[in-house]
């Protein structure tokens, strides 16, 4: 179980190789990488995105990510798990976040990976501000679909996120 | 859309980087890697696995993988997809298969990735023979759980696989 | 004194990312804090005009309207998160 | 002549991975092929003794019992797949 919050980009291949290296009980390794798109999401009227900046809440971010990861390890039998989340300024094509889960069996790895990214989207204190070409920064609004995705995993049924 | 069937190992980081390189419409990249475990699955009584060999049906393998991938691209809006499947002899810790899907949105990438590995497990003509330490080769039996996983994706409800 | 933190667009309205504030005696819960803050000035009123968009964390834990706040707490106000 | 392919443990029983076979006139479907093959020898009988474990592909397409087979076809017999 590892959580890292950092400004620098990460090397996807190196992170994944390190996660499974030397553990021959691992039968499946699932991962998800979120990347900066060059198209602003709904509300930005499709303006080309020049860059985005992620603000976060140092201290609480790490705490929440560690808790989310511990919850995934409680729900699924994982051999290894990793969350790397960046903050600061990023341009289109750059990776923002990596979640990865390794397990003896593929289903556990895949489900835990989906769980982590869904929860992180609604629980981890990050806020995006987007710079359009020539325009000024615009704070991205939260999406109901993210709340719905996270609510799927609620153990006492869908409910409003805190 | 790319399918490769090969004897050689693959470099996970290089494959994933190549898949998303230069396409800034990609917001999410999901991947799954299957690895050789050192523990034989149920039926092998937990004997340590020395190696396994994957036999396949050249020609039909590529055809089935291409069809599975095309189906994923029909069901989800993907920016890129990749299946790399190895054959031949592999030792514990070695990667067997990689599936990866990139999309504007994370849900499409994650679901398509899960779909690909579930279908591939029941449709792609590969057969595993396991070598235990000191023992001789044992053909791995198909698992009902794999059929059930693939049946989830059947568009006219769960049914027996062909 | 409590330490108040503001993130994302809330910070633009309050004009500060962080401040030490003496909580008045009638402010003992998150809800009471949110009701009192707008009285501190037009920027605060603007930041808090839509309470549905405000999330609160007390000592780095998500808090509900009825949860207590007190001197010594680190209290963060922010909009719904948009990371990942 | 049809080309028959055997994979995995079927191959161990038949003793061959691949052979050219003249299909008798009564063999026009997958089911008829599976019914006829055991008569070719004890290895074939052994390979096909549990028909539930046999999958068939005709010209590299999964085939059902009623699907036709004919001279010129590539017909593969194998157990349920276990890749991935």
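Here the chain labels run A, B, C and D in written order, and each chain numbers its own residues starting at 1.
Just so we're on the same page, a residue touches a chain if its C-beta (ideal position, glycine included) is under 8 Å from a C-beta of that chain, and two chains touch if they have at least 3 such contacts.
Treat the numbers as computed from the prediction; the structure is a model and nothing was measured.
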Where the centre means the average of the CA atoms, what chain is farthest from chain A?
-> D
When the C-alpha atoms of chain A and chain B are each averaged to a single point, how far apart are the two points in Å?
-> 24
Measuring from the mean C-alpha position of chain A to the mean C-alpha position of chain D, what distance in angstrom results?
-> 49
Going by residue number, chain C touches two or more other chains at 84
Multi-chain contact residues (two or more partners), chain A = 34, 106, 117
Could you run through all the chain pairs that touch each other?
-> A-B, A-C, B-D
In the complex of these two chains, what residues of chain D are touching chain B?
-> 5, 7-9, 55, 57, 60, 62, 64, 76, 78-84
Hey, which residues of chain B end up touching chain A in the complex?
-> 11-14, 16-17, 20, 22-39, 92-93, 104, 106-107, 109-110, 113-114, 117, 149
Tell me, which parts of chain B touch chain D in their complex?
-> 34, 54-57, 59-60, 63, 85, 96-97, 117, 120-129, 139-143, 162
